[in-house]
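Read through the structures below before going on.
What follows is a pair of complexes built around chain A, which joins chain B in one and chain C in the other.
After this line comes the complex of A and B, so read on.
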């Protein structure tokens, strides 16, 4: 396990850039739903940056992933919390990294358990390639290709600041 | 209801172009799954054009669509037929038109009921815009934007030839 020489952009600046991508497409009924954990942090930030009437929803897909049986249950399962009506709404699903697309599929299925949204867009800070399902981000500020053994994750420090971390599991 | 002046490309030529897009990405374990009805016709054509070891699977998403309750049951529900192992396979889902993405989501969910594929790609003849879910085609030969009231459908004549039909429901 070693730190890669990959240049890591400023995640806080990326959140502001993502907000500006989303801004022209906001409608009065748009609501955010962050995927735990990185996506939830970003959704929180976007809620500060954009004129959104409600707090962001939170999705935990631990129970919905199709590799649930393989990975087993994460010890800290967080409950999904959607504090608004999903039916007929325009929702933006927020995640830190788009990779295989399996998390997105799981999150969509969990959302649809709450109702049938008019539309669901996907906002991510990073698209790292390696797709295994035909998902695509609607909004994305960082496109990169990473080898399978490289793990890109968003961190949040005690002061609440977001930053990227990359590790190679060779 | 009137016929639009939209130029309609040769669907048979598009099938051949789609096959050439897919060809470099075929792996020995690739299998096609066509979505009934237009996607199934295209999958049949692709099976003739590409070195695929098996016949294409067929998915009918009538029971899986999230607007099932709204639209009611189509009188001619065709059974889904997947004549191969889905688990661990690379699958290409084939559809005629990518529009809202809801059919794609439904088809993915139906596929996952049969097993957990290693990857699912999406091949379509036409992407007409108007996405309501964050889906994207892996392979597509015709990108266009159509207004909501315009209906683009693939037809097959008695001789088995494919052609496009477009109707405005103004």
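After this line comes the complex of A and C, so read on.
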């Protein structure tokens, strides 16, 4: 069951609000790393909105998931691409939804295989509660509580516009 | 009968042969391999996918390159790798293949990488594991007799896709001793499955199997004719031991007719790539001018082979 996107906040406006939250904390060596796929789209938006020296890095955490033994390899793995030195940098990890915290943990593990960053922050559009690990966002524009069976996902249409979708799984 | 390589959900659980695998499984392996390519350039050249898993390399037949690349691939996936020196082990003392396997299962093996001179040995092991209900132990065929060498076939496909982007308009020639070549067999199955419209086999009558036409392959005995317009030329090693039989007159004679020289390569398309599974016999099937030339991608095949073997092992381990 899908609810109309009208009841959900405008994801494009949320991207702009997220950029404004981040702006005062930018340093000359800040770089973004977006987590596929939603986080990568948001990182792309933030790169347009903020004065950043480089394009964003993109990370696919499939090789670092902690549920590999149960679920196997994701059918569509995309190459992680980090076009800058991670060593000593201030990084902002970007994702669409913060939920259990397991994706964030996997992304941190992967980042550290590229080098030792000076600091890592976390920027998300939505924090839906339900944490299973001690993780908290540094920047977040939408706090909500959703039951376990509800799936909140960011979508991108053919024109590149971002929007939210909510589905209930029985 | 279900393909013995697939589980009840149709997912790949052993890699025994390319024959009978659907295109989407081959494409998934190649796509996954592409994601592994960047790992060699990182600070830490490992991902944790197979952490805590034990991969046993069982090479009943020698092969330095294949065994080494499987070992590197498993280590880059964080697996523990155990190389068994079979020639000095219990097999030499008379233990049967399946007794060896049972013993290794008792040591909590998670994956066997098997090279064997007998066609079908990896299949026998996979069937045995099913019979004794070890459904979480996976088998990778690293070359069995004249039958199949699926990871070589896949790394060849990866190489072709890397240089030619897609398979739909290609003409690919395989040259040499196709009769005794498990690489050729795996390549032919992979090429036709991935949609290559023209696969050619070039070689003397005595080294080409009779069933090639049935596999959708066009046969050429004249190399000059067969190379015309090719996008990809796959050279096969001429196994020296064949020289002693009645199949060939001499190495010199063979080179004259089927050795790849710069002059013959000029008949293929100007952007054609030259591949070889190694080890090469310079001056027998390939001239040094070609082997070291701009169109040769032979060392890239070795590099791609690591990523392809990582992809195969991680997909199997997850299914």
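By definition in this document, the second predicted complex is superposed on the first by the 163 of 170 C-alpha atoms of A that agree within 3 Å, B and C clash if a C-alpha of one lies under 4 Å from a C-alpha of the other, contacts with A are read in each partner's own complex, and residues count from 1 in each chain.
Keep this in mind: a residue touches a chain if its C-beta (ideal position, glycine included) is under 8 Å from a C-beta of that chain, and two chains touch if they have at least 3 such contacts.
Everything quoted here is computed from the prediction, not taken from an experiment.
On the superposed chain A, the two partners chain B and chain C both fit, without a clash. Residue contacts after overlaying the shared chain place A:37 against neither chain B nor chain C.
Contacts of A:118 after superposition: chain B is touched, whereas chain C is not reached. By the touch criterion stated above, A:62 is placed in contact with chain C alone, chain B being left untouched. If you stand at the C-alpha centre of chain A, chain B and chain C are 100 degrees apart, rounded to the nearest 10.
Looking at the shared chain after the overlay, A:80 reaches chain C, while chain B stays out of its contact range. By the document's definition of touching, both partners, chain B and chain C, reach A:109. Contacts of A:93 after superposition on the shared chain: chain B is touched, whereas chain C is not.
Touch criterion met: A:136 reaches chain B, while chain C stays clear of it.
Once both structures are fitted on chain A, no C-alpha atom of chain B lies closer than 9 Å to one of chain C. Chain A residues in contact with chain B (one complex) as well as with chain C (other complex) are 109, 112. Residues of chain A that touch chain C in their complex: 60, 62-64, 68-69, 71-73, 75-81, 86-87, 109-110, 112-115.
For chain B in complex with chain A, the touching residues are 66-67, 93, 104-105, 108-109, 112, 116, 118-122, 131-138.
Residues 11, 28, 31-32, 34-38, 42-44, 46-49, 314-315, 317-319 of chain C touch chain A in their complex.
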